[in-house]
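Structure below; questions to follow.
Naming follows writing order (A, B, C and D), and every chain is counted from residue 1.
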Amino acid sequence: MKKIEIYIISALLLGAVWLTLAGKIEKNDKELCPYKLISQAVQIENKITVDDLAKKLMTKDPSIVLIDVRSADEFKKFSLSGAINIPLEKLLADDNLPIINQEVNNNIFYSNGSDKAAKAWLICNRLGYKNNFYLSGGLNSWIKDIIKATPPEETASKEDFELYNSRKAASIFFGGGTVGESNNSSAAPAAASSKPLRKKESAGGGCN
Amino acid sequence: MPSDATYELNPKAALAYAITDSNIISPELLASLIYAQDPKANYQFVDLRNPQDYDNEHVDGAINIPLSKIVNINNCNVLLDKNKIYIFYAATSDQAIIAGNVIRQVGIKNFLVSKGDFNYIKNNILDAYKINSANYDSEKPAYDYAKVIAESSGPNVSSASRSSTAPVSAVPKTKKKESAGGGCN
Amino acid sequence: METLERSKRYMNPYLAGLIIGIAMIAAYYFSAEGLGSSGGFKTVVVATTNAINHDYAKKTKFFESYVSEPESRPIKTWLVFELIGVMVGAIISASIAGRLKIGIGKSPKITNKTRLIAALSGGILWGVGTQLGRGCTSGLIMSGMAVNSLSGYIGLAAVFGGGYAIAYFFRKLWI
Amino acid sequence: MGPLFSQGIIGEELNMFIGFLIGILFGFGLESGGFANTRKLAGVFYGYDFVVLKVFFTAALTAAIGLFLLDRYQIMDINLTFYPKTFWLPTLIGGLIMAFGFIIGGFCPGTSLCAASTGKIDGMVFVGGVFLGIIGYAFTSATLWEGLKNKGALGKVDIATALGLSDGLFILLVTIVAVIAFVVVTKIEAHMKAKHDYQL
């Protein structure tokens, strides 16, 4: 046998042995097929409205993790209190996997609007990661509906007034509003009673 | 292959696509296509809303494929005519974005997504031409958030808004499946 | 082998195999495609028929899927470009080795006419067989084996097993 | 992470050009391995020249080992690539027809193209035959073949999984069989060459 033949044949054998010893990588078997992904995507439960988010934050729901998917710059300029920043680009970075792939907390992705957060949600959901949601309307809605909550017209229904009242309360709670007192205490206003830790949120919330 | 509806992009590639924000139609083109009414044009509007909304009012010439049906085999085949460019719009922008991303992930490329939802199209194109008077891109900040907060609550705001809830640290995955935790699903 | 023959000698078969294997890995890595031949032939036939008589092509089931299934088009043309490359590559290799000349390859014991008739018949059989079996030696068997596809091994067994089974009856053509 | 084209990392035109370059490498390998020489090809069935077997298995195994290693180290996702689906019956029957074509014609489509482009008239005639065969199939497909073509559909079948082995182990076994075959056929070749005086 010529030298070159011996080299090539040994390389093949070595490669095959290597491949055998290398074993299989764990592939994600939780990954959703496109049908399932879409059928999940149309469900309203994936989204949380700004009102529900406000409620959950005021009650200090401990399961909530706010994830800001905007750029670090935008995050620095303004973010919701307590949010962590995972720019969309870094969503699947190894460091972030324990955050997005977990079964304890409820992650809420948010961005300026709904779109960027929806993309983050879509990727996570395709991978079969649970307990991820996104904020419907994003910060734009948050400011418009909560912080700058405007009173309904005189003729509006009772529900509208109730909604406005709760928004106003939230607005005050989150630093908006016109009350004179300074707002840097972390105690929740009396209106928002805090719930016991880790109790299943049965009635409220955008998800169930 | 799209007809089997399996992914062409793996999750990382899907994310890379999601970041680029490609396949977005500009409001100008959107408006000119809606006004053009050229039956020979290769553009096909796709209304992703539910059939009731579609029946109520829709862009002329649009076909109705509710978002939930977008990757059904039949609809994937509908979308396969390479000579056409499909333009998706939905009731909310995120639904159109989701449709576009999933469709791209299964390998379809000849489509555009309207970032403006149907209300935008109706108010700013169909009923009156004023595409710039409303926010076409919902991701564009409508306010200077920090300023709004500062104005509405005076000084000390940043500390106030930052500290009112303590940052929640992510808990690593637990071994056992939490059955009760997380009030969703 | 004498020095005179050196330039006309073929490359070491294992080295040639390695080159083809690397070409195949590249085809998968860049284009998600296996190396194929019959698919490219088919595309040429389909495109020609479509150009001559589009209505016929649209009506006939064999062509229809290619004419109306636009998503499959780029991949199919990829095979055509690949085949053009194959011709160029073969010419390069043959001219380096001094094998580039007109001639007929055959056993000295048969006539040119016999050889050409046999080649034509063999080609026709391949044409039919590849369409039924979904690919040829490269596209079905070699590419199939490269990804551990069962169909590659079925093709291997059928083509080479069948070949050995019937070789005896056609030995006059070759030895 | 590959494959690059299906993930939109390279465009359609660049992809075509890469196809052309890969074709050159393929054609070069085929021709220099002797695949344009019909007598070398037919030799595998008569025991006087096993170059086909050597080149073929080396190529298939190189590709298999390379691809599965790329997949293993997440450089490329093998699930996103061309994967011949299994239709066992038409493949078996088509394979037998191809076997006849191989023995009678002395080429397969890829090698005939190499032969044709390097000046072999029989190669050109063979290529013409392949076109005729495909056209003949096309015009008779609805009446003769359509029923058979989709019989025995099994979908994507991984032979290693079907045998209950890991992909790596299966490839290792095939490699070992191939290496043994290489040694044996080299012996046969020498024996046949000594016994008969074949001119290639």
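In this section, contacts are C-beta pairs under 8 Å (C-beta built on N, C-alpha and C of every residue); 3 or more make two chains touch, one makes a residue touch a chain.
Computed from a prediction, not measured in an experiment: that's the story for all the values here.
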Using only Cα atoms to place each chain's centre, name the chain farthest from chain D.
A
Winner on C-beta contact pairs when A-C is weighed against A-D:
A-D
Averaging only over C-alpha atoms, locate the centres of chain A and chain C and give their separation in whole Å.
53
Please compute the C-alpha centroid of chain A, do the same for chain D, then give the distance between them in whole Å.
50
Rounded Å distance, chain B centre to chain D centre (Cα mean):
45
How many angstrom between the C-alpha centroids of chain D and chain C?
8
Can you list every residue of chain C that touches 2 or more other chains, as numbers and ranges?
14, 17-18
Residue list for chain D, restricted to those that touch at least two other chains
6, 58, 61-62, 66, 68, 80, 167, 171, 174
Residues of chain A that touch two or more other chains sit at 8-9
Hey, which residues of chain C end up touching chain A in the complex?
12, 14-15, 17-18
Residues of chain B touching chain A in the complex:
5-7, 11-12, 14-15, 18-19, 66-68, 70-72, 92-95, 97-98, 101-102, 105-106, 115, 135, 137-143, 145-146, 148-149, 152-154, 156-157, 159-168, 170-174, 177-178, 180-185
In the complex, go through chain A and note every residue touching chain D.
1, 8-9, 12-13, 15-25
Per the touch rule, the chain B residues reaching chain D in their complex are 7-10, 12-13, 16-17, 107, 109
Residues of chain D that touch chain B when the two form their complex:
1, 6-9, 77, 80
